[in-house]
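Let me begin by presenting the structure, written as structure tokens, before commenting on it.
Per-chain residue numbering starts at 1, and chain names A, B, C and D are given in the order in which the chains are listed.
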């Protein structure tokens, strides 16, 4: 049974792994995180919340924003428009790969790799950053989510690879808007500061089929689609292994956060910037795996 | 509620799509199938069985044997040995691709592409075809499953690409046994003749966590692993889309069969050799999708 | 023996092939060229000049500028600096490929593919367009070479793929200067208007080991390097076949021009915008091949 | 001027580099070579022969046999048949690469990579090993060239990667004969024992346009074709750099030999099993480079 002490056990378990990973440093500002920081929040669908460690320490959302962008795009534009911009196939390639697109494909493999996320961001341009940020605050029930200017500046001056991806998409006709506008919005959304409570709240909303307090906040089809893609593509080229070993939809970011969802049960937010070689938080994965094992959360249990 | 008439409706629905696909012809003997054949069997975990159409018409199991090989290998050798032979990542590449391995990877991406299935077959060599076949008969509760000699001969004389894959694995040290022995066993197992009842029985066993009549036939860890990999990799490079749209673990074969599993509920076996451009039965996918929609089987519903 | 009538024969021979190719249209302004235009100039090292057809009709230099950029870079920076920016290996890939670089390579394969040409252009930034243009005018002994503004504007609004390549190079640390500056200079140099006389003059200079009127205009090492790279990489992914069949260093552009050099004998400039599927002028190749056969110019004759 | 003492100087120069390379060990028997062995023979087209060091020490011909196979195939089948089996484009990929073929290409890139050499060998099957060996003996004017049984056995038991390539070619319809027959003949021809005198003799024949003692031994078109392909593709993925720096057609083998040709001047055979990371003899390249510099042999000098 989900209890305060179980969550604390998960935290203690995960904390052991901080020494084995390393902090992302390809964006200088991210490199300043302390790899021994570890936090966790679990929100049950019944509203109970359990936390341990640096649960409310803010960190950079990074790629977890891809989930929020996808939700927003699906809600505003619908399934067909979104999947005209990107496929929904796991790619087996690293997050910043351009290989498949540079060859024969006309649209990206899925919305969780950078190419696909940029293609989705193109649909968000008419709404603008503030609308998106407010939407995210409301989904996470946290008005305190803001863009970290330092992170944004640091990323903005180290985004040549993403620019290369964006221009490739432009040359294929996938991006309809100005490349710099798409890049700016994409990078702004990656630079949001969240804490594990935000992720857990969002996770609980998805775990509840998009319903909160009896009200549909996110359409059921959107929830289903997003959770499936998180399950098959959410942890970069470690997605398959996380699916087999843990068995929950998840989405990681190089800021150290992971969002995981146990349908009908709970949302989980974890944080530790100590990353494995694929860019996924090592203690974070271990905490989720611990909970999944103890609570038998694996989808195919 | 699962009823005879619902299954018949699914059958009628799927039958409309026979004209849109085409029969696999890269193996001449497979090309002789009639694309208007359509069959379905559903086995509920409570033992009820519903059928429609060519439900007991035998067809070539082809790639669905990859699931059975993986189950056997996991049962006999355990998780670590199997995943020393192959990873468990969706690859985003066609089933017969060699690209990723020919570059930098040392082992195949997953056991559902040909490279990975050959790597798993290497573990089966000490047991031999008869043992495997008997095991499969018992899992499917059908002593009538035999190898179709004509299919085998036809495939055996058109397997140069697979030989190329097998020698590539040999050169990487993945295959420990003789290449021709591995190729023969692999091809024999692809040439088994099954009907939708066999697949549905197998599916029901997996839906029940490996337990049949109160007895553990397959270990729980094996079931969990196999279902997850089916979910992320089971329909070739259409796996992601099937996962999003249907939301069930499945495995297709170019013989026209698809096995699908709804955990704790039912196993589904479908058949129609009318394939889409990715090699998956078109009416087959539609029948499963119909059932999933009507019975709300999507994993993230 | 090289005569007026032999050059005319080559022209007549080449003219037959105008109907088999097609005009480049990926840059709209280029698409306005008339594919039945054909011209040729041959400059012998002894100063004789022979022309036929549209020999002095100006056309867009396009990729032939890569040769001029490379010459300038080698003259100003020397061999080691240039080949720190790019390798000198034929790549077997199309001119706008990013595949090899996006994987493991740190620098482009050679200065004749777009990636490599952009990497070389980075070295030209401190000199600026006017200096480059004047240098080219002097090598071609034609003060009338100018940038075609319409071509430049058309290319500048259709250069997303090249921007993608440039940002990829920036992300790898190959480009030291501002991406837009490099792109602008690269595109300006591609937009120069030349005629076959210019190419033939340049070719004759290279055929003479860089010496004109007893004066060393280009260093011998530069000439040797440039001619070798033209021989192995000058006609995109048709370079190997041109080398075998014709046996001369050449460089083509999608504007329809080809520069060819017969060392110690002559420079050849040809033009016809009727391109084969690899982007090389079809009548142009045929005219050079005709001359090479008749005059036994093949390097391995 | 080519003299005994110049050749000795080249030898002394090359000898300094033995310590920087390493002996090929992927075929165990090759790994037994001593990397301080160095030899050179130069045959001028006028018949003069100069030698130094281990000039008559026999070593394994390895990939240099690709040149002889290509000559034989061109002489017996003609240009069109041979280049229906393989293209003539440098590939930019390693010798044992399958990447380009496994994707979209239907035939190999060129006859100097393993795929292309196997495709050429398919044309040799009707003639058989003895005929080929006798032909090679006659071209090299050395009746003592025989197959090294130990090398053959060692390669034959380590040829899985080549088998993979051969089956890939079979699956594409490029190989018409039995895969094992093609593999055997290919491996036998790689296992011939030659010395630098053999290579220099062969080189001198090619330098003379295929004529020896006034008699045409090899057709002029064949010579031209082979030398061009050696120039663009002869030293694996170091071909472009060798072409730029040395400027002569060459072909290397992992046995440590290199054949180089200076048209109308001389054939050069060098040997030292101390290889660079691309598989080319390091002292061998240096000896040829030394001669080319001193005698101004660069094709674009």
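To be clear about the criterion, a contact is a pair of C-beta atoms (placed from the backbone, for glycine too) under 8 Å apart; a residue touches a chain by one contact, two chains touch by 3 or more.
Predicted model only: the values in this text are computed from it and were never measured.
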### Length of the shortest touching-chain route, chain A through to chain D
2
### Message
Let me spell it out: compute each chain's centre from its C-alpha atoms, then which one is farthest from chain D's centre?
### Response
A
### Query
If you average the Cα atoms of chain A and of chain C to get two centres, how far apart are those centres in Å?
48
### Task
Between chain B and chain C, tell me the centre distance in angstrom, where each centre is the average of that chain's C-alpha atoms.
54
## Note on the structure
Cα centre of chain C to Cα centre of chain D, whole Å, reads 32
### Overlap residues in chain B, where contacts from two or more other chains coincide
103
### Task
Write out all the pairs of touching chains, ordered by chain label.
A-B, A-C, B-D, C-D
### Query
Residues of chain B touching chain A in their complex?
87-93, 100, 109-110, 209, 220, 223-225, 227-229, 231-233, 237-241, 243-244, 247, 249, 263, 298-301
### chain B to chain D touching residues, read off their complex
97-99, 102-103, 160-161, 163-168, 170-171, 179
